[in-house]
Amino acid sequence: MIIVMKSGAAKKDKDEVLKRIKELGYKPHVIHGETRDVIGAIGDERGKAVLQALESLHGVENVVPILQPYKLASKEVKKESSLVKISDDVVIGGKQVIIMAGPCAVESEQQILDSAIAVKKAGAHVLRGGAFKPRTSPYSFQGLEEGGLKLLAKARELTGMPFVTEVIDPETADLVAEYADILQIGARNSQNFALLKKVGQLRKPVLLKRGMAMTIQEFLMSAEYVMSEGNQSVILCERGIRTFETATRNTLDLSAIPVLKEKTHLPIVIDPSHGTGNHRYVAPMCFAAVAAGADGLIVEVHPDPEHASSDGPQSLKPAKFDVMMAKLKLFAEAGDRTL
Amino acid sequence: MIIVMKSGAAKKDKDEVLKRIKELGYKPHVIHGETRDVIGAIGDERGKAVLQALESLHGVENVVPILQPYKLASKEVKKESSLVKISDDVVIGGKQVIIMAGPCAVESEQQILDSAIAVKKAGAHVLRGGAFKPRTSPYSFQGLEEGGLKLLAKARELTGMPFVTEVIDPETADLVAEYADILQIGARNSQNFALLKKVGQLRKPVLLKRGMAMTIQEFLMSAEYVMSEGNQSVILCERGIRTFETATRNTLDLSAIPVLKEKTHLPIVIDPSHGTGNHRYVAPMCFAAVAAGADGLIVEVHPDPEHASSDGPQSLKPAKFDVMMAKLKLFAEAGDRTL
Amino acid sequence: MIIVMKSGAAKKDKDEVLKRIKELGYKPHVIHGETRDVIGAIGDERGKAVLQALESLHGVENVVPILQPYKLASKEVKKESSLVKISDDVVIGGKQVIIMAGPCAVESEQQILDSAIAVKKAGAHVLRGGAFKPRTSPYSFQGLEEGGLKLLAKARELTGMPFVTEVIDPETADLVAEYADILQIGARNSQNFALLKKVGQLRKPVLLKRGMAMTIQEFLMSAEYVMSEGNQSVILCERGIRTFETATRNTLDLSAIPVLKEKTHLPIVIDPSHGTGNHRYVAPMCFAAVAAGADGLIVEVHPDPEHASSDGPQSLKPAKFDVMMAKLKLFAEAGDRTL
Amino acid sequence: MIIVMKSGAAKKDKDEVLKRIKELGYKPHVIHGETRDVIGAIGDERGKAVLQALESLHGVENVVPILQPYKLASKEVKKESSLVKISDDVVIGGKQVIIMAGPCAVESEQQILDSAIAVKKAGAHVLRGGAFKPRTSPYSFQGLEEGGLKLLAKARELTGMPFVTEVIDPETADLVAEYADILQIGARNSQNFALLKKVGQLRKPVLLKRGMAMTIQEFLMSAEYVMSEGNQSVILCERGIRTFETATRNTLDLSAIPVLKEKTHLPIVIDPSHGTGNHRYVAPMCFAAVAAGADGLIVEVHPDPEHASSDGPQSLKPAKFDVMMAKLKLFAEAGDRTL
């Protein structure tokens, strides 16, 4: 860390800072500037965020961190890209772009089986569908719970596709993990640390969604939570951040793809359905995401979006998903990827 | 809800919308405009968010909600302000401004007892202190857990002050409720619906923090979650929202006070410590919050912030808290309140 | 517009609203809801924003606009895409993706000629370069002014490429228009209405950058300003919006492409250099923009970015631009476009 | 500045950085860290932003500025608060809180004289009113221009109150300065550098509004523009920043008051009318602003807001302004200020 002293800070203030730096196990190094002194604290900052507390000391202007606070998720620690194995056929993080598709929520056997067959036919690799639903209104449909998991398992049996579904609390995590191939952590739980620790103890891949107001650095710290408990199979998912713009439900941050590719070895998936909130904008954002280097996509497809119990306006009908997938293949190939 | 049709939408598209509105239990009402038709759907929208799905229908431009989606938290349902009773002596929502103060985390017996005595002496009504800490880094101090709760209880015994402490997951909620007088839901758990439901089933007041990217409407929906489970003792807490500005840790949204006072009967507390992230900005924001009509404040006070295990830079020392409280009294009186 | 009355509003309040609606030249239409009345005001809202003032009337909860406030920029008025002609060879808005490239600022004859030759060789169609520079610091390099325009003209002569350069005030707009092929309005001037009117009176295409905190609707209103003065040749440019994220200089909003394609007939260009602020992220965002359907790109290329007088960190070196363009061709073809 | 090298950067990369630092007139100082080297560049950074360009060099991870980029606006350069004299009676920046009030736009002689008399009677010190209006729609009322200035002068004659009015371009700035006592720079022109330079050359106080997406640092850089041209009479005005929240038109950032008080000697005025966009929220935000230490307020007051040509919903009626002022006096006194 770099501790910036105030202009004209007294010698005893500087001495106090030096003393504290040493107490905390770092080596101080002073640079005498023209208008103020700057003190470097040498040592591995990770796991020692306490240096920030020096900002309370008299004469200190501010404290500037130099190192990223994550380790396991960092490209410095592991340079080659991680491959996360979902099933015998499906691996994410390699040359193949992995497509996860299906309805927002499992509503009925008919609906999930129809969806599964349709997305499989169009070329999807993983089925998505919510059994436990975190809804902003207590009066909205809350999901079929274990019944929904059973239907997802049935769809898997029928189509051979593994499935991803959301985990909403530590208590039901084991139950979900019995059925699911990928455990999804939703945007609203992206800093629910109790839940992150819990899925870190399970042995299933985790699809971690970025929170609506989460920086890239905090996103990687949440991944670090899961990994520090022993589960290295983390897939990052950008799904739109909250901004002032209201023409889209969220603002899909596609620049997160090259930023994450630079900072972490973990695979990156894009969710253009939540990212835009509008089915008319989903296909162009799928093309853009793959062109930018995404490892996968997660797309809402519903056979009858006007009757969907949730997120109808952002769901593609199977016929449109089909058209999108045909075009997506061309963009994947342009980027030397396969679909 | 108002369904706005596209300019030049076909008659069969309009007929389909009318049919769906009726199916969903609403009464449609068409306004023929100059360039397009607009259809009102008459009926209580709350608990029927499914109308939004009509946006997927052909010929529909967009769907505009008219009613607020919350009921129990709404001032339409309950016009007079709610008083939330914390203890025999402390009630929030009335003429007295309630001050909650103490360290971010309970670190030791000495530290919490010193803090309690100091804030009590300065005029605080409620002690704050974290026993279970939700930290963004898995490598940071995670709290003393039940040991911390016991120390808080000891401080209560010593000073007579009730205490507020954070609940971080449904599993430990009962344990925390055994000790605490107020259960705090942190900003990062503000849409952790499993946790909101759980504290809704407990019989202790809940201090609900606003999420970093949470609109006022979503904030009230989270309160609604707690209330719909039976617990009406909800205290709302604004603690800064995330914006582009970096001179402060968050942007404290004090206009939330009059907005919330207009929309809800629940009491409103302001947290200027997290809101600004800098002890030098805390006192002016305390004065501003009370002038704007806040029902209470929650302030971080630490006897030795340079050695604090978390949030040192935003903690006041007891001497500064003392000075702040003396001035605050004048502002409270100017607003016809007591301290 | 839709005027939403408060629950329980008095009859005389409603009568007053009805009277005012008629006075303003609209036809009122009342819908009696279960908990409140909603009043539609029928008539063309554009150019009559004064209806919003009804929000001040007693008994009115809020006023909801239905129509978009722009006309000339709107796809409702002109359904087919506009083609903006830059020169005999360069037209933007059609099948060909137009690439504008060059340094942030013109610094010397050597620098701008080298840049022009390099970007032309790599396949760019338009040269970019600033002669008048709007810098956030009064102490930074402010541009070569007319001298810079002359150098850009020299580069055009040498390479045959038209050039785009920024206009920073009404006073120097005529001078810039004498030289330039496209007049750029920078993000910080995107709501400088005096300047928008001025370039609306000139007869040169305008590249209008989106402001850092500008909604899509406001963006189109700024285009409307230019068009309402008689200049229909407006090219929209998304260059990143300001959000809480700091890993990138701005957040490039690529979903603006499909949103704008739906709402306007004007061509859309993406600026990934300012959008990300980091040369390492420029190429992936170029690919993504073209995959999402952009009509063009504007990219900073500098022969010696470490010595650039401005925006060095986001400039590509010519060799990297060359590699980017070769790959971009594949993505353009995948989207059935040419380069 | 601090230049952070990549972990494992080569010796020749470091040597290149050292060479460049010296070329640019700074003195390099290397700190050898555990995982990477960090290089301090000693020297006055202001006016030399070019160091940032080192980020383009091979082996450099990022460049961290240490000093603030403004001088004249900085409290380091001038420690005591500046007093800006508006007229013989009105000085801003001292013990007295200065209230500026009046309609958004001058609409007629009757309207502006009525407004002036009303706000004067309630205790305001300065009249506000727009003659040149920067409107987001080209179809909205654009102001009475010079006619409006003459009416403002008439109101000044009648009441003795000086007035503040907006300047929208360099061309009409001299004309406005002939009449006005304070020149307002609107939020949308807060980085219109040509305009900032122009008012910097005039000899009238400038009320500089913060832009909607402007950081505190950029705000002070815009003040620096005005001051660097010779005009030291700058009044800063916080008027709400743009965030995701839609319950208010903008988010009024009151923490800007203590932040600015720490960084600059210039006086700070708050605009709660634009800050909230709703007359019902104006009074509490006036109280809060004064409690937080603002030097003044600027408030929209209109005798007939339902018929206002602009910003009706956020304007107070004179009777409500009167009540607000009476209460405000108590808060001012609580803060040891006068009104």
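For clarity, chains are labelled A, B, C and D in written order, and residue numbers in each chain start from 1.
As a convention for this text, a residue touches a chain if its C-beta (ideal position, glycine included) is under 8 Å from a C-beta of that chain, and two chains touch if they have at least 3 such contacts.
Since the model is a prediction, treat every value here as computed from it, not as a measurement.
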item: Co-neighbours of chain D and chain A - touch as defined; value: B, C
item: B-C or B-D, whichever has more C-beta pairs in contact; value: B-D
item: Far-end chain from chain B, centres as C-alpha averages; value: C
item: Between chain D and chain C, distance of the C-alpha-averaged centres to the nearest whole Å; value: 26
item: Between chain C and chain B, distance of the C-alpha-averaged centres to the nearest whole Å; value: 38
item: Chain centre separation (chain B, chain D; CA means) in Å; value: 31
item: Chain D: positions in contact with at least two other chains; value: 213, 241-244, 246
item: Chain B-touching residues of chain A, taken from the complex the two chains share; value: 20, 46-47, 49-50, 52-57, 63, 69, 134-140, 168-171, 188-189, 191-195, 197, 211-213, 218, 221-222, 224-225, 228-229, 242, 279, 305-309, 312-313, 315
item: Contact set on chain B toward chain C in their complex; value: 2, 4, 7, 29, 31-36, 38, 40, 42-44, 64, 66-67, 76, 242-244, 246
item: Complex contacts: residues of chain B adjacent to chain D; value: 213, 215-217, 241, 243-248, 251-259, 262, 275-276, 280-281, 284-285, 287-293, 327, 330-331, 333-335
